[in-house]
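Quick notes on the structure that follows.
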Amino acid sequence: MTMLADLLSTVFDRRVKFANLFSDDARSTEDLAAALVNASSEGEGRALGQLILTRFAEMDDDRKRAFFRHVAEEMNIDPEAVRGALSTYEADPGRASYKSFLLAAEPQRQELIRRLNMVPNATGQLVNMRADLLRLSEGDPSLEALDIDFRHLFASWFNRGFLVLRPINWQSPAHILEKIIAYEAVHAIDSWEDLRRRLEPADRRCFAFFHPAMPDEPLIFVEVALTLGIPGSVQNLLSEERAGILADDADTAVFYSISNCQAGLAGISFGNSLIKQVAADLSLELPGLKTFVTLSPIPGFSRWLSDTLPEASAEDHDLMRAMAAHYLVAAKRPDDTPRDPVARFHLGNGAQVQMVHAQADVSEKGLQQSHGVMVNYLYDLTKVAQNHEHFAVQNKIAMSSEIRSLSQSAAKTLKQGVVDDKPAL
Amino acid sequence: MTMLADLLSTVFDRRVKFANLFSDDARSTEDLAAALVNASSEGEGRALGQLILTRFAEMDDDRKRAFFRHVAEEMNIDPEAVRGALSTYEADPGRASYKSFLLAAEPQRQELIRRLNMVPNATGQLVNMRADLLRLSEGDPSLEALDIDFRHLFASWFNRGFLVLRPINWQSPAHILEKIIAYEAVHAIDSWEDLRRRLEPADRRCFAFFHPAMPDEPLIFVEVALTLGIPGSVQNLLSEERAGILADDADTAVFYSISNCQAGLAGISFGNSLIKQVAADLSLELPGLKTFVTLSPIPGFSRWLSDTLPEASAEDHDLMRAMAAHYLVAAKRPDDTPRDPVARFHLGNGAQVQMVHAQADVSEKGLQQSHGVMVNYLYDLTKVAQNHEHFAVQNKIAMSSEIRSLSQSAAKTLKQGVVDDKPAL
Amino acid sequence: MTMLADLLSTVFDRRVKFANLFSDDARSTEDLAAALVNASSEGEGRALGQLILTRFAEMDDDRKRAFFRHVAEEMNIDPEAVRGALSTYEADPGRASYKSFLLAAEPQRQELIRRLNMVPNATGQLVNMRADLLRLSEGDPSLEALDIDFRHLFASWFNRGFLVLRPINWQSPAHILEKIIAYEAVHAIDSWEDLRRRLEPADRRCFAFFHPAMPDEPLIFVEVALTLGIPGSVQNLLSEERAGILADDADTAVFYSISNCQAGLAGISFGNSLIKQVAADLSLELPGLKTFVTLSPIPGFSRWLSDTLPEASAEDHDLMRAMAAHYLVAAKRPDDTPRDPVARFHLGNGAQVQMVHAQADVSEKGLQQSHGVMVNYLYDLTKVAQNHEHFAVQNKIAMSSEIRSLSQSAAKTLKQGVVDDKPAL
Amino acid sequence: MTMLADLLSTVFDRRVKFANLFSDDARSTEDLAAALVNASSEGEGRALGQLILTRFAEMDDDRKRAFFRHVAEEMNIDPEAVRGALSTYEADPGRASYKSFLLAAEPQRQELIRRLNMVPNATGQLVNMRADLLRLSEGDPSLEALDIDFRHLFASWFNRGFLVLRPINWQSPAHILEKIIAYEAVHAIDSWEDLRRRLEPADRRCFAFFHPAMPDEPLIFVEVALTLGIPGSVQNLLSEERAGILADDADTAVFYSISNCQAGLAGISFGNSLIKQVAADLSLELPGLKTFVTLSPIPGFSRWLSDTLPEASAEDHDLMRAMAAHYLVAAKRPDDTPRDPVARFHLGNGAQVQMVHAQADVSEKGLQQSHGVMVNYLYDLTKVAQNHEHFAVQNKIAMSSEIRSLSQSAAKTLKQGVVDDKPAL
């Protein structure tokens, strides 16, 4: 096979269907992977890599799991070799001994992933491969360990310094826009008309991070509404009948939806950077903006409430707001971090819990998950660093005085009530 | 310092002079580096990173050496910790134990470099930092080991899949072109007029690899002449008076100059990819091209000849050609690879030694290094993979029959001569 | 008003709602037009032009008609002045006298239109203004004369040399694509999904002409299907279930829809250029393409047939094909050109009538206008010039031998039938 | 020839050498021009046009003059036909009669020029053709009349609304920058290094107008220095040793050089638009800019002074400044407009004469034309419209009080002197 590899890998790079030329290679995909990590020629390497990626894409889940397991086990570190290289290095630390140690301490499967990434357009395929791995690895220690290698490499490749922020608007290419429709995870986009309502008006913005090696794939995007004052209802915000305003007249930027696009990049966090970069860019472009705030769901509220105060009526809006405030700032996990995952994300970014609104998301999903209550997290750029540090070090939650009062009133209600909320909080 | 970091790192990212705001930070740069690897907030991390990079750029060599040494020693692996994590992993292999092992086995200085790379535009500064390191590390084992870490990360960041090939021509931006003038390493470009002669005519091309994070910096570039037949003189090739041809009429593409641009990317090889990608692209664009060949210097020939046949007259062109052919294919290093560094590069790529020409480079440099002799290496795309493999495995050198004859005649001359050439070859 | 005009026209050009600043100008729009043709400052001119365009866009049809009539009458040529300038020129031909003659012979309303076009983004607004004029001018000689001036200037501005051909595909901006949906005039595009089926597959193409001063507005576009053989049914061609082919495998390019986008450019013909440019570009890109053909409607066939052979049954497909062929090549207008408008367009371009198909367009519209029959016009690039000339000079229609036979058999039918078809043909 | 024209004009448009295929056409270029205005096919027209343009470019001046004269005379208006069409129109004004009149009143040579412009890339060639015409027409009434036609069409094609303003900087393509070097008409650019000093520093800017049909050819450009205060010496402004400032710190934008690039666009004025657009753009980008001013040569001062006060010593700087001020505001042509051409341009734009400086241009050219004196014209955007109007209607010149005093003191000197300055002023 190596005979034509160099030629073909270069000449056909752009045209392609290229790996098919080797589709009658008799070796197993596992053997091809072994050949790839040992290939001495770049051309051969690219041909092998292309073939492996093509075959992998056509495997069913059982076959994928078997391939992952083979790679995880056969290309793992060799503890004895690590120990030997370490001793040699300790005895005579230097360029050569250190290099040997690094080589021994890094499992060959990392080199496999790096070499696969030399194939043109491989990065996106490797992201999809990790999405498969995450789906298939649960409970399998060797596959979970393999994921550590993917994550380690991806953290390096998707370094913030390599990401590009791009506005998404009605002038954007259709093949990008259809992905925005597909990936929107918070408030579903029904149609191209619905999409247009979120992109075209002067008081609406959308931004996404892209990686240069995946130029057609947004990694994460945020939808922003420019408003007068802080809004308390997502249905009003997205209403077809709403009256728009001029961007220059807005005083508030509302981050009403943040969606991760790539399952295979789980754990490689971009959301924090995205919000802050967008806030910074908007504040430069529109000096009238004074407030940067989210309008966020409270996904765990209904479940917590049914455990904590099952008799609470969703019709009592004051109660709902108080209980929601309390849930956000007082309901904790065993590690003392907030029980609500969206709260953890924004508080971890240095935001503070600012306001809660009843009847704010009256969609089926909104009523189901939080009795329609939503929350604003405030990004005060002069305080996010301090808030972040207090939260990271002491689990201290930043909140407005209104939220504090609401939570205290909820605590009183719970104390007086028949339900013992202690365990739940 | 953390208090304003998040705000400033985002708001000022684009405008900037930003790190100056912290220039009165009392901590040493070494302490800032320690703070950076421990920073929990991205904003703080970027502010610290920016400050470290700014300070480093202003250091003199002694100060840089001290900083490198500190990082190399204080952020090295801890062998005991590696051993402990390895044992734990062996006892109970799984996600957590494997992650702990990887963390222990990777020196903290790799994380330092990765975090520095989160600063906007840091990648180019880190490449320059490594150029300094290479310059200062010679003979210092700890700095040489530190370079292994830079190289390891750079190999991942500058993965072939992330590089972009761009044509360089007379329509290219001036700030890129001035770098082509500065970086040309083989046949110096005297002036903008000289540059124009290499870029503007229909039978001249130039291509460079770029990395998306360093869009204004070529990494490597190759200059190509489209010709009728294989040329035997670089002065003729570059002559101001030469008659140009139409690109469609050419049958040969001559790679007459390849220049690496970034000292800090030494050892991260792009030349092989570049030549093959350019050959593939040109063959698609210009189907008339049948031959892809270099016109290359022979930097070590004069020195070898003065050792081997000191009485040889440079006026005897036949002798010069024969001896040059012999030097290229028979003069070896102790490890049995060719003594000539340019030969090692092209033969390692799978090229073959095709022709040698006397009086081919009559510049002062050309006469000095090789008595004016130059060589064509042939890239036959149907043979490069095979050639590469034979060379890699058996040190077998591909050559034309003409080169073989010339080398044999040279061997005969040497045998009959008074000089014992054995040790030299 | 002139006082601030220069300032405002420049400073506010890009931002702005600028003309509103003058919206309280007491002068009538007709007076503003008179002021514009006499303005000596460019800044004043642009401010006046902006105000006129803004006011015009808000007028109702009666008001527009009145404005057009005023311009047509008050800014017309003055025959006495023309005669005087002509005599002066004849007496002493030279730069000054010729310039005076040209000035007298050109109505001031042409200068008005040119000055309106100095307003940023005015070109598109003037195209829309002419669309209004065409709609309102019918039967009004002075407005029809005014249209001659618009057309004269537009022919110069929309000179073929200024147009840019751009591919339209699934990577094109959404705000362009929505216009493709809106402007498609032959086979309506139902939805974004329908659009995607016409743009995204490898065997589908679309191209449009744009003018640099209206970058967001296609002027005309053509939709192309790449096929194996000449297709005989538009429903099959556009079927959701069809099996696609690779572009490289196609031997035929089918122009199945051509749509003019701008009512205001009526009579400024781009279709001929568009088809030939697209055919030329495709033949360079895909050397496998041998045949360039349309799949066209026959809009006048049903009406003609009901006059000519009212008893003909649409179920008799052979008869339908023969009669359609006959209609296309033998039914003429008083000036001896074909009765069918689509036939006139393609024959005028130098195409030939190649094939007719029954059941080729079974949409309601297709059945209604032509009993489902469609026609292929063949663009044989080696014959279009000759065909064009024969058609232009002698009204000679190029046709395939099959069409000739079909037409002859139809003529026989008609002769034998009870209907006297002479007058109809 | 028509047989292959359509095919070739389309297929070969982009590749080309195309007109050569007809280079053996036996017809004279004059006959080809006649064929072109009569061509009915667009393809034939483009082939003929291409051939005419190619032949014209190779003609010597005598041949060009003969071609122009033929076109001027054979394609002129026919006065009898004009009179006839005019009478018909008067008798029955309407679409058809008006169209006929316009056709008769427009010389066929305008249609010739329009049809030549349908050839790809013809616009630039036609601009060059007019440059030839202007060079050759002097004193020849028929050629001067032909130029009126070129100018009429160019005014329409190069309408302000079609022009695009682009910044020129060190990131601009080299083939554009070399034209900036070539076209600089005021202060010659010696080298690429000199060019870089005018483009790269943060306090230097350059802008040019382009036309979409000539994307590689600037039409006019202006060089701008951002300064603190109004500068009084161009050598200081351009000094290699000058200390730069940050753009944000500047309070003044100095237009120190404006160059028209295309001789063939003489009389189609862009300078006014360019200055005002650049001033408006800069004031939006850099709110700190308060003053927009030129630093301009006074090309006619030395000659006027030697007529008016021949004994004046150039060493007396106060006298030089007073006399220069006086020359600018009081020396008039017979039509009562300023004698100095640069003054006419800026005053016509609505600028005012602000300051004069001795020793301001000590280059050979500066000393020769104006004894080293230069002048600042101030563009106060709140006054340019008023200034323009006063100047256009009453020849009233706007000037600062300092200029007024200087001029008065000069007038006194002249009165007391022996020289009678009346005739000269």
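The chains carry the letters A, B, C and D, assigned in the order they are written, with residues numbered from 1 in each.
Rule of thumb we're sticking to: a contact is a pair of C-beta atoms (placed from the backbone, for glycine too) under 8 Å apart; a residue touches a chain by one contact, two chains touch by 3 or more.
Remember, it's a predicted structure, so these values are computed and weren't measured experimentally.
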### Query
Can you list every chain that touches chain A and also touches chain C?
none
### Farthest chain (mean CA position) relative to chain A
D
### Task
Could you give the separation in Å between the centres of chain C and chain D, each centre being the mean of its C-alpha atoms?
36
### Message
Report the inter-centroid distance (CA atoms only) between chain B and chain D in whole Å.
### Response
49
### Query
Taking each chain's centre as the mean position of its Cα atoms, how many Å separate chain A from chain D?
57
### Query
Which positions in chain C touch two or more other chains at once?
none
### Task
Examine which chains touch each other and state the graph shape they make (line, ring, star, complete, other).
ring
### Query
Which chains are in touch, pair by pair?
A-B, A-C, B-D, C-D
### Summary
Listed in rising order, chain A residues that touch chain C in their complex are 170-175, 177, 192, 196, 199-200
### Query
Which of the residues in chain D end up touching chain C in this complex?
2-7, 10-11, 13-14, 40-44, 46, 77, 79, 82-83, 86, 89-90, 93-95, 98-99, 101-102, 105-106, 114, 117-123, 141-142, 144-145, 147-149, 152-153, 155-157, 159-162, 164, 212-213, 272-273, 276-277, 279-280, 283-284, 350, 381-382, 384-386, 388-389, 392
